[in-house]
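Letters are used for the chains, namely A, B, C and D, taken in the order the chains are written, and counting of residues starts over at 1 for each.
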Amino acid sequence: MKLLVTAFEPFGGETLNPALEALNRLGDSIDTVKLIRVEVPTSFKRALGAVKRAIEAEAGEKPCAVLMLGQAGGRSALTPERVAINIASARIPDNDGFMPFEEPIVPGGPAAYFSTLPIVKLTEAIREAGLPAAISNSAGTFVCNSLMYGVLHWLESEHPAIKAGFMHVPYAPEQTAAMASPQPSMSIQDITRGVEAALRALIMNIK
Amino acid sequence: MKLLVTAFEPFGGETLNPALEALNRLGDSIDTVKLIRVEVPTSFKRALGAVKRAIEAEAGEKPCAVLMLGQAGGRSALTPERVAINIASARIPDNDGFMPFEEPIVPGGPAAYFSTLPIVKLTEAIREAGLPAAISNSAGTFVCNSLMYGVLHWLESEHPAIKAGFMHVPYAPEQTAAMASPQPSMSIQDITRGVEAALRALIMNIK
Amino acid sequence: MKLLVTAFEPFGGETLNPALEALNRLGDSIDTVKLIRVEVPTSFKRALGAVKRAIEAEAGEKPCAVLMLGQAGGRSALTPERVAINIASARIPDNDGFMPFEEPIVPGGPAAYFSTLPIVKLTEAIREAGLPAAISNSAGTFVCNSLMYGVLHWLESEHPAIKAGFMHVPYAPEQTAAMASPQPSMSIQDITRGVEAALRALIMNIK
Amino acid sequence: MKLLVTAFEPFGGETLNPALEALNRLGDSIDTVKLIRVEVPTSFKRALGAVKRAIEAEAGEKPCAVLMLGQAGGRSALTPERVAINIASARIPDNDGFMPFEEPIVPGGPAAYFSTLPIVKLTEAIREAGLPAAISNSAGTFVCNSLMYGVLHWLESEHPAIKAGFMHVPYAPEQTAAMASPQPSMSIQDITRGVEAALRALIMNIK
């Protein structure tokens, strides 16, 4: 059994992305399940390709699920996302300088895809690990939502057995230390621990 | 050289107080400065006595400064308090069941006391340690403000050489894990590290 | 030309619903367009029926669009909703005492429907009227989202020419006056004016 | 009987100040009490002079109380201030381009002055008028706090019979209409109504 875990590179002028920091602290496996860890460009146009390649490149058994991670500055909790919607609309440029306004991700595609991960179980597991968690009903309209939509859309036709979903993480304290009015944060150790709790819940609840 | 560090016991239905958890993780000294650590009851009537006794009990050299710690649920950062005001007004009962409404702490006392700690230096030191910090202009009107006012008022007449001030800390993640809409938190390890950074800045900047 | 405008009755212990107050302040027409105004029960099971009946009951020409209104306590702006998702999950009982947990609204239905109203135009029109507005990417998972989903699902098959969408409105000041820590509000006069601006934009932008 | 009501001119790049808009909508009297209305420059150095001149210029009977008004962007309620503290520290320049950092307003002056207005009564009266209100424990460290401190300090020695205090008001919707993520607001009509309710409570409770 294998899981694919992805995280975005830093964006928006930040020098780190807490999701990527957590990804880099995960081991090669969790319990006996192999973890494939992939850094994804914060790019509307290139993010999906990185996930596709990671899945296609995997010789033999494919991962049974994909957990994508990204930063949601301002949130206080780890937030498994419920749904990705077919819209790309940005307030800041992505790392390619691209800033779409109210465009469909997949013209003619469905309005939305629900996460195929057990988000209630993930949320409960993180809370049981003593960390704040909540289901989020919006992944926004930036690259995170776009990747989640793209992956679920692609898997539906190409690898329908592979489950996938997204979880946003708060800022790390290192990022908020410089803010005059600090926003909420979570330590990278705790984010990592929360991701591990979510992955264990995923392994337990996926057949 | 000695420092007195105090923290409140849990209150408001909580089973832990992150300020007290941090206090309990501090060592007996920081660099070569002895730390006297004291737990304080979350009681308008009994809190001040605990701090007075700790100072009076100290044989030989008295502590040169007092850093009082308390929980401020909802805040995202470590917040050295600028000022304590002469008012006690509570929305929830203290641990004695006492809930004053718009009463002076010291009838006839001055409207306020400024912290005599170098709060700008404390804030900078915590930020340099990679943790969010900001000066707070209000310690509220609950037991925290009352203790800060009481200690500064008492020291002014009895031990004018001893500096004193208060720092609020966010919820710990253990506390927000159970919230349906989680509030900001900071790990107890990070709170402890932030308190240590503040104490080092205090030692460096106190003559 | 006719428009149907709906608003929910009070819920969650409130004695008024600012959306309904605004509805009751709208006239019988806006410019030369007739307004059909309908109060809707805050009930997962009964809300959709009220809208269906209003549309079916209309002799002759049907309304060309439906603007549904509801209260979103805590928001600062008028927020045209982008999308309704196929999930019902409540933290408080609806006005029938029903509190679903993570259930589909329409088993087997699509994950989501996008608003078929010109939400960017509506938002711009409200701002041009001097009132705060923003597109919302989540209508939540309570009765508001459920009605929006149900109406869009039903119209798709039964009246595909009729456009529909939802707009959330803030608390009224009358509601927040009693809160110890007041949440954001908007006066009922301003909410009404914002709804009128949205309706005018709708009339201008619907063919 | 006379009351002096003051409000600041716009600052921080805004083209209106909701406090000043409300001031301009007050009549020449409230019930039978004459209102003297004065616009005050948003300047650390010039604000106090404007209030002093208004009081000194008044031939015959002096006003029995001063209610100063200012904008506190981000607040949801009308907030009578409890206390002004002896510190000037700005994050943005005032309208003279002056931006003090951690300076005393009056070197050697007391740490703070409490409002001498009946702030509990003012808050209750505004709530009874159906508008959100709350006592604030911090007027910040910008020009508003500085004026409040300066006026209370000056009155103490020169006109000890004159009561004085400050009330902050939220943004007006006109200001938040342009914000991508709108902050809380209150209509200028409601702010005016709230100020009138506060003034009536002041008249009733001042001897």
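Just so it is clear, contacts are C-beta pairs under 8 Å (C-beta built on N, C-alpha and C of every residue); 3 or more make two chains touch, one makes a residue touch a chain.
Nothing here was measured: the structure is a model prediction, and the numbers come from that model.
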| item | value |
| --- | --- |
| Between chain A and chain D, the fewest steps along chains that touch one another | 2 |
| Of C-D and B-D, whichever chain pair has more C-beta contact pairs | C-D |
| Longest centre-to-centre distance from chain B, chain (CA-based) | C |
| Whole-Å gap separating chain C and chain D, where each centre is the average of the chain's CA atoms | 38 |
| Centroid distance [mean C-alpha coordinates] between chain D and chain B, Å | 31 |
| Residues of chain C touching at least two other chains | 180 |
| Contact graph of the chains (line, ring, star, complete, other) | ring |
| Chain B residues within the chain A interface of the complex | 76-77, 126-127, 129-134, 173-174, 176-187, 189-190 |
| Of chain A, residues touching chain C in the complex | 82-83, 85-87, 102, 110-114, 120, 137-138, 140-141 |
